[in-house]
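Two complexes are shown next, each including subunit A; its partner changes from subunit B in the first to subunit C in the second.
Take a look at the complex of A and B:
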C-alpha cells in the first residue's frame, strides 16, 4: 500500500509540467522543490540529532553566493560551481559544528543565529566581493552538455533530481548505523555516549551533510532566479525551513517534503484568496492553529491515525 | 576622550532599554523554557500603543508609557493562557514554532493597522541637549534612561521581595518541587509571560520617540534581547541588566570606532565569543534567578 502510494506520488511529480495549467504554477512547483531540499537538510539536524539550527539561511546563502560568484567572475560553468557551492557550505557546516559542539539546546540555536547574522552583514558590507545590497544580477542559467536548462520545464526536472538525491541521501543516512547514532544522541546523549557513540564525530557529520545539502539548495536558487542579493540570508528563509520541518513532521523523511509543498503553496493560495495585507497575517494564524492542533506535525498525525498500534 | 565619554553616555541610554528587553526575555526563557521569538513584537506593540494613546486618547507622555505597559501585560497574559498553556508538555521546538506564528501574525497585524510608513511619536521634551561638562544628552534620552533604571529596580524588587517573586524563583529552580509546595505553576507562567511582555512594551514605548515606530522594528529588538540573555546567563536578572548596558556600550563603540555598517554585528560576535568561552554567561553564579 505504502509502495503503491509512493509510486503514485513519483508519477505525479514526474508528469507535473504536463498538466499544470501555467508557468506560474510551475514556478511554485520549482520553489517547492528547492525548499524541499532545504527542509530535508534542516531535518537531518533538527529531526534526527535534535539540534535546532536557526542559521540555516547562512548555508543556503553561502551556496547561492559561491555559485553566483564563480560563474560570474571566474566564468566557471554550472556543474563545477554547484560542486563548489556544496563543498563550501559543507565546510561552513564543519566550522559551525566544531565551534558549537559543546553547546546544546537554546545555546546552539543562538550560535547558529549569530553566525547567520554575521555572514549576512558581511554580504552587505563587503562591497568589492558581493556588490553589497545591490546584489549580483545576471547569474547564468545552467547547461547540460550542449543543452541549456533555461526553460522552467527543464529546470523543474533539475530541481526534482536534486530533491530525489537529497531524499536518497537522507534515507540512506538515517537507515544506517550513522542514523541510529543520530537518534540515540537525540533521545539520550549520556546513554549514547556511554555505549560508545562518539558524540562530537556524529554531530559534526550531521552538520556537514546538512549544510552541504542547504548549499545545493542555494546554488539551485541562484541559477533559477538568476540574481543573488543579501536577501538570501534573510531570517525569514530559516523560519520558513523550520516551519516546513516542524509542521510537516520532524524526524520523518516525508514530513519535510509535505511541509515544503504545503508552505510554498499556502502563501500563494492566500494571496489569491485575500488581499495582500491579510496574506501573511492569515499565514501566521494558520501556523499557530496547526501547531496547537497537531503539535508533532502533519505526517506523524496521519501515521498515528492510520496505524492501530500506538506509536512510542 | 570627550568623544569616548559621549559614546559611553549614548551607549548607556541604548543599553538601558536593551536591559529591559533582556530581563523580560531571560525570565520567559529561563522560567518557561520558551524561545520567545515574539518578544520583539511586544516591543513594537509598546511603541504603537504609546503612539495610539498620545494621538487618539490625547493623554500625556507619561500616561502613554503606562498604557503601553498595560497593553503588553494584557496581550502577554492572553498569549500564555490561550497558546502556551495547552502546549506546556510539548517540546521546546513546538512552543518556539507557535511563537514564530505569533511573531508573523502580530507583525503583519501591525502592518495592517498602521501601514508600512514609519511613525514619529511626539514627546513633550525640549530638543536642545543638556550639556553636562564634556557630554551632551537630549532630555528625552535622559528620561528614557531614568525610567528604564526605575523599571529595572522595580523588577528586581518584584523578584526579590514579593511572594510572587519568591514563587517565580522557586519555579525556576525546580518546577516539580515548587508545584508540590503549592505553587500554582499555571499562574506563575502567566504572570511571568505578562511581566516579561510588559517590560518589552515599556522598552518600545521609551525607544519609540527616540527613533521611529515601524512594523518590523521588533525583529532587531528580538535579536538584541537574545544577545543580552546570553551575555547575562539564563534567568539571571542582574546579569541581564549588566549585559544590556554592556551591549549598548559595545555597539556604540563599535559603530563609533570601527564602522557603522557593522554596528549590529557587535552583538552577534559577542554572542559567539561568550558562548564559546563562558557558556553560562559572563556573570554566572550559583543561584540563577535573582
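Take a look at the complex of A and C:
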C-alpha cells in the first residue's frame, strides 16, 4: 500500500513537466523542490536530533555564494562548484556543531541565529568579494557535458534528482544505528550516553550532514535564479524552512517534503485568489489552523488516522 | 575488577562522598545500601562519569575511568540504569532496545550511506539480538508498543533491557525494584541472577532489604558519604554500626 503510494507519487514527480500548464507552474515546482532539499536538511537536526537551528539560511546562503563565486570569478564549471558549495556549507555545519557542543535548547538556537547574522553581515560588507548588497548577477546555468540545463524543464529534473538524493541520504541515516543515535539524543541525552552513544559526535555529524544538504539547496538556488545577494540569508528563509518541517511533520521522512510543496504552493495560490492585503493574513490563519488541528504535523496525523482504522 | 579508591564528591561546602573505597568482585552481585542522602546515587554518578569527583579514582581492570565521558565509560563495559525510570518514551520497546544495541553495531557514516549486503546483515543481526533481549526480560508481547504506554513495572524492564543491550561487563542498577509490586520485584531479582550467570558483574543500589539480602554476595553500607561497613548479608544485618545508622533508624520510625 505504502509502496504503491510512493511509486505513484514518484511517477507524478517524474512526469510533472508534461502536466503543468505553464512555465510559471514549473517555476513553483522547482522552488518547491529546492525548499524540499532545505526542509529535509533542517529535519535531520530539528526532527531527529531535536535541535532547532534558526540559522539554517546561513548554510543555504554559504552554498549559494560559494557556487556563484566559484563559477563567476574562478570560472569553475557547475559540478565542482556544487561539490565545493556542499563541502563548505558542511564545514560551516561542523564549526557550529563543535561550537555548540555543550549547548542545547535555547542556547543552540541563539548560536545558530548569531552565526547566520554574522555571515549575513559579511556578505553585505565584504564588497570586494561579494559585491555587497548589489549581489552577484549572471551566475551561469549549469551544464551537463554538451547540454545546458538552462531550460526550466531540465532544471526541474536536476532539482528532482537533488531531492531524491537528499531523501535517500536522510532515509539511510534514519534507518541506521546513526539515525537511532540521533533520536536517542533527542529523546533522552543522559540515557543515550549511558548506552554508549557519544552524543557530541552524533550532534556534530547531524549538523555537518544537515548543513551540507542546505548547501546543496543553496547552490541549486543560485544557478536557478542566476543571481545571489545577501537576501539569501534572510531570516524569513529559515522561518519558512521551520514551518515546512513542523507543519509537514518533523521527525518523519515525508513530512518535510509535504510541507515544502504545500508552503511553496500556498503563497502562490493565495496570490491568485486574493488581493495582497489578505495574503499574509490568510497564510497566517491557515498556519494557525494547521497547528491547532494537526499539532504533530500533517504526515504523523495522517499516519495516525490510518493506523486507527480497524484492520479486517 | 571495578575498583573505587578514595572517591570524594563535594558540592560547594556539602560533602556528599568522602574517602569511599571498595572493590566489586568480578561475577558478584554487590549492593550499596544506606539511608537517604548517604551518597549512593552520587557514587553511581561519579563511577559512571555523570559527575566529576572532586577526588579519588575509579578504575576497571586497571584502566582509569575517572574523567571519561559517560559514553566512553559505557564503551568500556560499565553500564548503568537510572533511579528515575529512563526509557526512550516515544519509541517502541523494540526500537528502545535497537537503540540500546548502539555499541554492538559497527556501521559508520559511509557504510550507512553506501553499504549494501553487510549493512543489511548487521541490521538483521541487531534485530535478532534485540528480539532475544526482549524475550529475556519477558516483554515479547509488548514489542511494538510505545515504551510510554507500558505500566511502570514494565517500563523498568525496558530500562533493564536497554542496559543489557549495551553489553555490560559491570551493570550498575539504581534502585531496580523501586515502586514495583512484590511479584515484580521477584521477577527482577530473578533476572538479575540470570544476568550474573552470563558473567556480568552487578552493582546495585536498593532500598528493599529483602531483595538486597536475598540476592547480594556483598553488601556495602554508606552513611553520610562514607563506607561504614562491608561484608556478606548476614554480617551486615548483625553489624552494630549498620543497625544504629540504618536499620535502627527505620525500626524507630516504624
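We take it that the second predicted complex is superposed on the first by the 308 of 312 C-alpha atoms of A that agree within 3 Å, B and C clash if a C-alpha of one lies under 4 Å from a C-alpha of the other, contacts with A are read in each partner's own complex, and residues count from 1 in each chain.
Please note the rule applied: a contact is a pair of C-beta atoms (placed from the backbone, for glycine too) under 8 Å apart; a residue touches a chain by one contact, two chains touch by 3 or more.
Predicted model, so just to flag it, every value in this text is computed and none were measured.
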Checklist entry - Mind checking subunit B and subunit C on superposed subunit A, clash or fit? => result fit
Checklist entry - Touching A:191, do we find subunit B (first), subunit C (second), both, or neither? => result second
Item to check | After the two structures are overlaid on chain A, angle v-u-w for subunit B, subunit A, subunit C in degrees (C-alpha centres, nearest 10) | outcome: 80
Checklist entry - Does the superposition put A:113 against subunit B (first), subunit C (second), both, or neither? => result first
Checklist entry - Is A:239 contacted by the first partner subunit B, the second partner subunit C, both or neither? => result first
Item to check | subunit B versus subunit C as contact partner of A:172, first or second or both or neither | outcome: second
Checklist entry - Counting only touches as set out at the top, which of subunit B and subunit C does A:80 meet: first, second, both, neither? => result neither
Checklist entry - Which holds for A:7: it touches subunit B only (first), subunit C only (second), both, or neither? => result neither
Checklist entry - First (subunit B), second (subunit C), both or neither: which does A:137 touch? => result neither
Checklist entry - Looking at subunit A, which partner touches more of its residues: subunit C or subunit B? => result B
Checklist entry - What's the minimum Cα gap, in whole angstrom, linking subunit B and subunit C in the superposed view? => result 13
Checklist entry - What residues of subunit C sit close enough to touch subunit A in their complex? => result 48-50, 69-72, 74-75, 79-82, 86-91, 95, 98-103, 105, 107, 109, 112-113, 119, 123, 126, 162-163, 165-166
Next on the checklist: Help me check something: in the complex, which residues belonging to subunit B touch subunit A?
Outcome noted: 29, 35, 83, 86-87, 90, 92-94, 96-98, 100-109, 111-112, 219, 223, 226-227, 230, 234, 259, 261-262, 264-265, 267-269, 271-272, 275-276, 279
Item to check | In the complex with subunit C, residue positions of subunit A that touch it | outcome: 169, 172-173, 175-178, 180-181, 183-184, 187-188, 190-199, 205
Item to check | In the complex, subunit A residues that touch subunit B | outcome: 46, 52, 99-100, 102-103, 105-107, 109-111, 113-115, 117-118, 121, 124-125, 235, 239, 242-243, 246-247, 250, 277-281, 283-288, 291-292, 295-296
